[in-house]
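What follows is a set of structures for review.
Both complexes below contain chain A, partnered by chain B and then by chain C.
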Partner chain A sequence: MLRTPLVRRLANSAHALARPTPRARTLSVAFSTSRPAASKAPAAVPFTSDKFPELVRDSRFGSVTPEHVARFRDITGDVDAAVISAGTNTAQELDVYNEDWMRKYKGRTTLVLRPKTTQEVSAILRYCNEHTLAVVPQGGNTGLVGGSVPVHDEIVISTVRMNAVRSLDEVSGILTAEAGCVLEVLDLHLRERGFCMPLDLGAKGSCNIGGNVASNAGGLRLLRYGSLHGTVLSMEVVLADGTIMELGKPLRKDNTGYDLKQLFIGSEGTLGMITAVSILTPPKSSAVNVAMLGVKSFAEVQEAFRRARLELGEILSAFEFFDRTCMDLVKRHLPIREPLETKSPFYVLIETSGSNKDHDDEKLATFLERLLEEEVVQDGALASDTAQAHAMWNVRESITEACSKEGGNFKYDLSVPVPQLYAIVDAMRARLADLGLLRSDSAPTAPVTNVVGFGHIGDGNLHLNLTTTGWTRELNDAIEPFVYELVQARNGSISAEHGLGLMKAPYLEYSKSPEAIELMRRVKAAFDPKGILNPYKYFPRQ
Partner chain B sequence: MLRTPLVRRLANSAHALARPTPRARTLSVAFSTSRPAASKAPAAVPFTSDKFPELVRDSRFGSVTPEHVARFRDITGDVDAAVISAGTNTAQELDVYNEDWMRKYKGRTTLVLRPKTTQEVSAILRYCNEHTLAVVPQGGNTGLVGGSVPVHDEIVISTVRMNAVRSLDEVSGILTAEAGCVLEVLDLHLRERGFCMPLDLGAKGSCNIGGNVASNAGGLRLLRYGSLHGTVLSMEVVLADGTIMELGKPLRKDNTGYDLKQLFIGSEGTLGMITAVSILTPPKSSAVNVAMLGVKSFAEVQEAFRRARLELGEILSAFEFFDRTCMDLVKRHLPIREPLETKSPFYVLIETSGSNKDHDDEKLATFLERLLEEEVVQDGALASDTAQAHAMWNVRESITEACSKEGGNFKYDLSVPVPQLYAIVDAMRARLADLGLLRSDSAPTAPVTNVVGFGHIGDGNLHLNLTTTGWTRELNDAIEPFVYELVQARNGSISAEHGLGLMKAPYLEYSKSPEAIELMRRVKAAFDPKGILNPYKYFPRQ
Partner chain C sequence: MSALRILVPVKRVIDYTVKIRVVNGAVDTNVKYSINPFDEIAVEQAVQMKEKKLASEIIAMTVGPTKSAETLRTALAMGADRAVHIEVPEGTEVQPLQVAKIVKAIVEKEKPGLVLLGKQAIDDDSSQTGQMLAGLLGWPQATFASKIETAGEKLTVTREVDGGLETVSASLPAIVTTDLRLNTPRYASLQNIMKAKKKPISTISVKDIGVDITPSIEIISVSEPPKRVGGGKVADVDELISKLKAAGAI
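Moving on, here comes the complex of A and B:
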């Protein structure tokens, strides 16, 4: 029986709801709303190559033949569904790997390989390189930009069967795990031993650590534990030609040459296939506190953040914000009560994680009192138990679902210097109002019903969502590339944490200079001269 | 008048002694002992090319002519000593840039350029690349491996005049500074505004932030704030051909393409010249505590570290160790009192930094009491004021000086998985005893008088020092490459934080596979096709 990503994802969804951690459900919720109920037959996902006819198949790449498949069966053995091929398996079994979970992208692969060892990955890639067969490395297939599914008939190489924990140094907290380990499984493994993973995201029950690293996943703990560029200590990778490389050491310090593993963090499978990762894991926190604040202006959101960094410093683990429209939408569509009495233009959710509950309670209470006294905030509440903490997180995490219940959505994951973060939302509203596209008393039938901003203030990460009556070319052209120009003008990034994949590759020029893109191409050529790794993505189409 | 690194270094030395921070003096002490007093004429530093005749000058490189110098004067203007050349300046003025501060390496450059702007750096490098003139980027010239001084007649491009702070985002703590800013100057600039630099090292009064990043400096705050790979957000660099590149954005999150700036962190000037850096700076801590522990075995050092990570977690900012021999040497050569009453085989120094003094006092006191009760440690003391904290740090920081007063030194900066860290010291002692080279009652005239281990447990960073009656070839061959083999067998790193430079390049193979070194060469070729940037270093000699 196949242990497909879908089965694992649904299993996790239930699990995520049952466990006490109030966060890490954003994507699970998204799954449950975007995946139609099992009783209704879902509409077919359109093929990516039909949707984007400009993405012509590269004729240099060979096509998979029965001889190739036989060779791959020799390499992997045909145990535990190591090879899934059109000759033997159903289209549905291949769809699991051809389609992304948002049902936006679909490839036409006829072959999925699920190696168990690094040596198998090496033999597979060596063979593919010799025969110029294009491949797509795939982890849990939970990406948001279409980066891990084929465009044409690229062979999928899945990490799911490479899922052993190789070691944990319990003195320094250094974990070495194979690429196919599920993030949540690793986190549970660590928690039993007093540690935790330094990253956390909604897809944790399905996503693979190899995919997390390949896509430089951000998520909910970045404010506290920093990015993967700091926590990933070393990596085992297989290059396009099958060379197995250890990049770096499972050590905190190593100054012997270029830190090549860093290039693989966020390379989205274009430089090689990550087969194992060593990562520095922090001790788990014994005390977690949550508070919600009501704030009058975005300037005061920033002031509250500045003060939180100073006064909560070492225990601050999340600083999220959302605007009043988000709160209205959540209340309209979901059975959620407003945690604060006063209505405010902006809300802030603060989480602290520390090693001493009494100390953290006191720090957070003092911080809140001072901010109320000094009128930096106009209302605030401290969760007194896990249920209240859960309820506060629930508001923040339900925004995406509430937006999707309001109608069609345009969604942007942007990174902007904090002081200018909300100006993006204001500018978008102003433009749409100018064009008569934003609904108001004077434009009661305009197609854009709401423009909302929320996100991770601590990371300068804005999620800009527009709810609409539906997609039209006119609307699309009113928003893009305008939104990317807004970001570019503020020296921001058009992709804060989701990556480039297929979706954002065409817009890379809004975040990178032509010289930088040229240097990226030189690096790509040095690592993958034949270009067989994850083609058609990451680089701007030419 | 030239504002030379030497003048700045001495000025800083006094400053470092006067200011209250008890750390950050290791290198200053080293300076004062290794630099002879001003009244005595120092012995001349031997030329590197005489010491290592195998380092033959690469005949592809052009030699500096008066026409070249005139062109460079056009580019930089001849203001504020932008150009220091053999035709105009004294040998002593050039020596400042030709010699490293340890007086181990000396180049023969006849030209030092000190540009003021990125555009000047660009014009200089474009010209050098066109004329195949080799260059050495140089910051504060405080490196420990001979990486920032010329070997032959490479042109020195110094960052010292590029020292403007470009911006500080006081909401998120993102600082953008030019490469020539002195680390301590930046730290003071930040402290006045409630932040601090996320790195701290002995050379802080002289070293430049560009050099820190180019050499991936580790230092004293790494345990708390992580490595530069996590804190450096973006970089402005000039490539060998003069192209100015912005690599990354001054943002916490940016997933748009390969993170090329990471390659420059630790590239030691071989890929391009860093001209500005954006770095995430933490809020400064309002409370700092220091404690010293006496421990019976290295196993208990590890247990104390494991417990400190769990119980002090978010406030732990240093966890240093040293062995009994270190304590004996410090007492023998320096006017220092032992902080603890009980003599122990190992000592641990713990520092915490947090936002609430009462909370931190309580956490550290409780932690110490428990460890004493459970007999993980056999003695311990908590500094009750700054003077006591200073005295405790003083023991740890005087080890290098005490070793140098004992005789000739062999020094190794190694990174090893924490559980096996002290085994390196034991193995070295055993080998030298076997060979009759370690002094003891049965070998009273043996040349190695002490083998000591100390360092940053929190980072897995061992400093292994051997004190000897003097350097001999026999002794050298008994130690090297044996010490590197010990490290290699434990999957460690032969350079934890000092880098490769000229000194460690020949031993790179002990930490990197031939495939990884080949991949490094491919990256080098992609960035610097003519190889003009910092030649003769970093890569193993062939």
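Moving on, here comes the complex of A and C:
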């Protein structure tokens, strides 16, 4: 009973684009993490130090010399792949590491190091610390806040060549992997063995697990499996002075002393460089269902969520929402078919994962029927096979890509109590309209073309995206810090999952008290006395 | 409205995204199942014809164990009016000739003017049921359809053939097997899934049909394709050439 894979037949047909293929979800990811607008030559990315002249280079840091480069070649065994330097490589080769994928930030580094082992990382950092050379640890470089690229000429230390899976305990599901393992590669590795990664995000095709942990990435499965603070059991790090440390043990329970690894989760490369992590991975679900719902108002989105938690219980694995404008943008820019026949102001994507298909099917069907009968939702569709399930996810996951095709983006990733989540979007629209900056019939040339909201309802996480005709200081000042004030007034967080990086560092005080920020600085000084790790970021300027 | 009645035989198969595994000489069946994608296209075609008032009734049918009823519910949610489930014991293999004979029995009972079905099932890739059914019934057949038009008792079908497209016409009643490009099946809306629950499925034991389902072909063994062996890297052209020579490739 061997099967000719339908996939191949789909790929051969002109119809393949219109019909969702099982790879659709992965493909859209690959596209969205590659540099956008490859067809038309994009404008050069401006240097961060030109765009923000107030970010003055710290004169304590040394500059890279040929002697330094020679020493780094020694450390890495003189492997060509390990050293990319201005002397031997082209500017384009360095750009890959200097520019962030949003094309908003660009550093001027002349040296990228790609070590293969923890020992090499240790020797590199020890040398940098001795010579006061600033460094930026970098993973897949898919960050959204400019945290993974240099501001000036900091040396980039990339994890990409440290990509071995060290072990998987098939009883407990504890995976130990090096920092440069690509998230999707790990997920596939686990799935072949009956497990899956506890996190999933749009950039999974390029992002590295070390970077995920360093930036405390959230993503689509957080509702079900919790944050990395719970699933990361231990890690191997290299401190600024080159000391290699094992923080914690790959155990579920370990109450001995301060849990130092927690400090590294979300430290964004400011305390040390993560070289390997042990993560507790859940068994993969054999039964997955996906449904998309059309909802009249945000109040009903919340009601649907409340009911989903109540009635679907342990099988609920994702509850995502997006507004009508998101659907319009996705349809405008991508070959995607709308799953529902009628239009609604809001859409909800529900995923259930469990081990018993009949049980899950029945539970979900009963739940959806009730929502429809009680008019909590006005329309909905249930994926009848995996292809349709992927196609529904593809709508949600393509929003970011569609926004970037619409024009220049301002992106905010906010944590807000769920009842007030969408009020942020409404308030932003109202302010921009008042200032005459929001495009409408009466303001046909205004710079902001769309204000959209989508995100993870289950986690109280709103992605607020603005599509514009391009970045200007005036527009920036109209939006920031206003957006952060909105969040502060609602007791939210200015960064739910993207981190602080360069973009949000100045606004940390909207989420943290002065006392807490001061304590953070003391922690930083204890780990990295010379301040060589990822400078200019994470903290407000003093 | 046309009085055309359409019969759509559908098959429950392993979902096409599932990686097939062979365990102890048999395909691992503890995986996700879905409606055969080509049959789903046939259902969509029938529903579109009914929406255009070119058909009066759509009957979905399947041959399979109890769980195959799921596949009929999918067809009903897409827009079929009622369904017939020819039930066989769990684990019974029914081969294309026997399926064709069962469908023939249902055709004689329901008297459809058109039988629409997928060009093949993606599990056994036989691509035989439609053709055998046409032979058994003595009806005209149009296989691998990428476009179907009806006008009265006349049927015009565009077929995908190796060299391009071929347009054929036939008179009803007829058999048409559907190819990938015919349409993109719709999502089943919640409203229609609910309505589908109230639509009738008549379940008939295969014994009562009077068709002998003993397989006419014996499967001797089932095995996975050989595992791909990992490659290696060579430093330069000379090494490549010496390796190729060692492998006897040049």
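To be clear about the criterion, the second predicted complex is superposed on the first by the 446 of 542 C-alpha atoms of A that agree within 3 Å, B and C clash if a C-alpha of one lies under 4 Å from a C-alpha of the other, contacts with A are read in each partner's own complex, and residues count from 1 in each chain.
What we mean here is this: a residue touches a chain if its C-beta (ideal position, glycine included) is under 8 Å from a C-beta of that chain, and two chains touch if they have at least 3 such contacts.
It should be emphasised that the depicted structure is a prediction, and the values quoted were computed from it without experimental measurement.
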item: Partner chain(s) touched by A:G380 [first = chain B, second = chain C, both, neither]; value: second
item: Contacts of A:A365 with chain B and chain C, given as first, second, both or neither; value: second
item: Partner chain(s) touched by A:E515 [first = chain B, second = chain C, both, neither]; value: first
item: Chain B versus chain C as contact partner of A:S215, first or second or both or neither; value: first
item: Partner chain(s) touched by A:G180 [first = chain B, second = chain C, both, neither]; value: neither
item: Contacts of A:P137 with chain B and chain C, given as first, second, both or neither; value: neither
item: Chain B versus chain C as contact partner of A:G492, first or second or both or neither; value: first
item: Interface residues, chain B side, partner chain A - complex; value: 169-174, 194, 215-216, 218, 222, 226-227, 229-231, 239, 243, 245-247, 249-260, 262-263, 265-267, 271, 282-283, 285, 302, 305-306, 309-315, 353-356, 359, 362-363, 415-419, 456, 458-461, 491-500, 504, 508, 511-513, 515-517, 519-520, 522-523, 525-527, 538
item: Interfacial residue positions of chain A with respect to chain C in the complex; value: 1-7, 9-10, 13-15, 18-19, 22, 286-288, 291-293, 337, 339-341, 357, 365, 368-369, 372, 377, 379-388, 390
item: Contact footprint of chain A on chain C as seen in their complex; value: 14-18, 20, 27, 30-32, 34-35, 37, 40, 74, 77, 122-125, 180-181, 184, 187-191, 193-194, 219, 222, 225
